[in-house]
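Following this message is one structure expressed as structure tokens.
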């Protein structure tokens, strides 16, 4: 059975969804979701350990050898992202029970779980597949599921946010299909490894460069690459708490992964980075995201939207690695996929608890007044995760920034170093706003923590922020393997 | 086809736009038949002209008919769309010409389906063979996409009995 | 439309043929164009047609809403089940070769059941979509 | 001239794409945007299918007496794409219907206006 783990990784959550719809029971839905999430984490860990010991391997679906059939390919990078996604899922699933019960009508709850399973399956499917078109199909599964997850938010703004996300997401996915189509027309194959192989023989580069542009913009829309991020703040702000936490921690990260995969393992980076101003473009956009989006966050009143803007900025850190294109910077970027996932996951999970107890549909910064007294543990967790967002030593966020700065220095890009420090200062400003209100301003209300299951999940994720700050054997070691894998270029 | 599309852009009565969309889908299906894509043509006719039109009309019934006039800054979107088109045009110049038997798509991967498909799967309709077997996993994904949409619509449009 | 005798008779007459045609498209896909998806759409269209002429309630009597909901889940399960069957019989996921006595018959069996799965889900979803939108319209009219 | 003729199918794709994209960006009506999205998606169909055609070839159903067939792989891919497209459309319409119920309008600017009124 062990050799079939790549298929099971995706098929388990995929099968859970129709079972949930068939059973129509909220209790079963929650049990199935939790079981599947944990199973996915175990499978991802097993796959990662197999890659670490034996190198990359592939799995032929339907026993048709690639490129005729569809191939699943597990390598250092995809194994790392699989672990990151399913790790988040394993925290969100137990949390979901109380959160969903509080935010949705009873006869919709089981569907919410089904959507969550589908979204998870889609994201894992994108990560593990070695086929460009299969990637599109799973991209659509996860996207459609996430549109519904967002639209199920309690305020009517959620509907419009979901609509806008759907419009931009679909345009993005279609752009991606156009890009893949062009690549297919010049190579005749859809398998990623085969594509890389055959692209080297292509003489007329015009279609290839166009494909690159379309894929970049298409996936850029999905990952909220500055300035294609307009859908993100509202989508995160109005989605149900559990959906925000899950999507913020995983969806954009998986899209970044797709970009990394195409840039470094399909296209020839040497030709790419010299022929087009890719490096400069990515550096400029990333720095712009880091500074502009963070500044917007400082002046944002809605707490969830504040952290959503911060996400746009943090995505800038991740794409920075593509621009710097060296071992330490890419290590930082890839590690940030996990580090930021854990950090933002913790923040949105804890905020979900606050929202549950306050009962209000929207949460302004002012409404957090006295949180340190009302919900001391929650507030403490928020502070920890906030510190990680800033990048204080001893937290996961610091590890990322350290590697990014080393990478920038190696590249001689001092202005990027300055930008990273500046952006961190801005992060201090918006995190301090929350801390100040929570601890220094008096608020009303009795002392009442979030339900145990929700609080535990949130605090555990906040704990991971610290854990990954001190013990870097999982995040940095995995990311560094992935980075050297990427820098080896198309094999 | 081009005429129907232009008309769709200009027409503000949404009902007419839906009808035009239906005609457009039929034309598209015809073109697809001419290009030997019979399976795709059949689907496009059933989906574009059938399902989509019914869905659009159903939704139109719920949302109401005409579009408010609003074309204050039509230039920027036009420039943007044409810019995207220009990029694609640039790329398409380097593509192999129409019906070039030596194009990579005809020499790589596909020949195996055509030559070995019937023997390996026992199905002479290669499209079916590739769809259900060689790339069966894509089809599983596609079925799940349909399922996701179905379940999603249930989640969004279920009538709330207890609220009234 | 409910009172038009011609429509009612035509609908009654056409219904079985439409369903039959759906089955033809489904099982003839080996030799001609067609397959589970197209068949599912046609089958759903037959029911939708019936419901349009005899009213939503009659359609719901023919195929109840809960049946439809089970259908759309069951289709995915059938498809994924074929994959798991391949896995249990010693092949890879979605491996049809191991499903029959010899590889080609295995392929046949696999393709057959996969198409059945697609048919179920697609017909289910299409019908469900119709019921959902039509049901909303009816409710909106009641208020 | 022959280069333009040989690439005719691409020009059609191009035109459809521009038109679809234009509707999505320029129009404020949510229903119209969805239709634009559908047109935009169909433009991709031709991009894939047209190059698969071989003059003198026939549909890829193997039978006696034919030697050249058009390429089946794009057909399969586009079948999937069509299905994905209609799934997206259905979901988009469902969201639009809910928006209409929640806001009483499906015009983008009116919705934004009401949102702003909510914030205040």
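Note that the chains are named A, B, C and D in the order they appear, and that numbering of residues resets to 1 at the start of each chain.
What we mean here is this: a residue touches a chain if its C-beta (ideal position, glycine included) is under 8 Å from a C-beta of that chain, and two chains touch if they have at least 3 such contacts.
Because the structure is a prediction, the values reported are computed rather than measured.
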item	value
A-C compared against B-C, more contacting pairs	B-C
Farthest chain relative to chain A (centres taken as mean CA coordinates)	C
Gap in Å, rounded to a whole number, between the CA centres of chain C and chain A	36
Distance from chain C to chain B - Cα centre to Cα centre, in angstrom	20
Chain centre separation (chain A, chain D; CA means) in Å	28
Where chain C touches two or more other chains, by residue	31-33, 37, 69, 72-73, 75-76, 80, 83, 93-94, 96, 125, 129, 132-133, 136
Shared-contact residues (touching 2 or more other chains) in chain B	38-39, 43, 47, 51, 55, 58-59, 62, 88, 92-93, 95-96, 103, 105-106, 109-110, 113, 124-125, 127, 131, 133, 135-142, 144-154, 156-158
In chain A, residues with contacts to at least two other chains	14, 17-18, 21, 61-62, 133, 137, 140, 144, 147-148, 151, 178, 184-185, 190
Chain contact graph, described as a line, ring, star, complete graph or other shape	complete
Complex contacts: residues of chain C adjacent to chain A	69-70, 72-77, 80, 83-84, 86-87, 91-97
Complex contact set, residues of chain A against chain C	4, 7-8, 11, 14-15, 17-19, 21-22, 24, 59-63
Chain B to chain C touching residues, read off their complex	38-39, 41-43, 46-47, 50-51, 54-55, 58-59, 61-62, 119-125, 127-129, 131-133, 136-137, 139-140, 142-144, 146-147, 149-151, 153-154, 157-159
Residue numbers on chain B that touch chain D, as the complex places them	1-2, 5-6, 8-9, 14, 17-18, 21, 24-25, 28, 31-32, 35-40, 43-44, 47-48, 51-52, 55-56, 58-60, 62-64, 67-68, 70-71, 74, 76-78, 80-82, 84-85, 88-89, 92-93, 95-101, 103, 105-106, 109-110, 113-114, 117-118, 124-127, 130-131, 135, 138-139, 141-142, 145-146, 148-150, 152-153, 156-157
Chain D contact footprint on chain C (complex, rising order)	31-33, 37, 125, 129, 132-133, 136
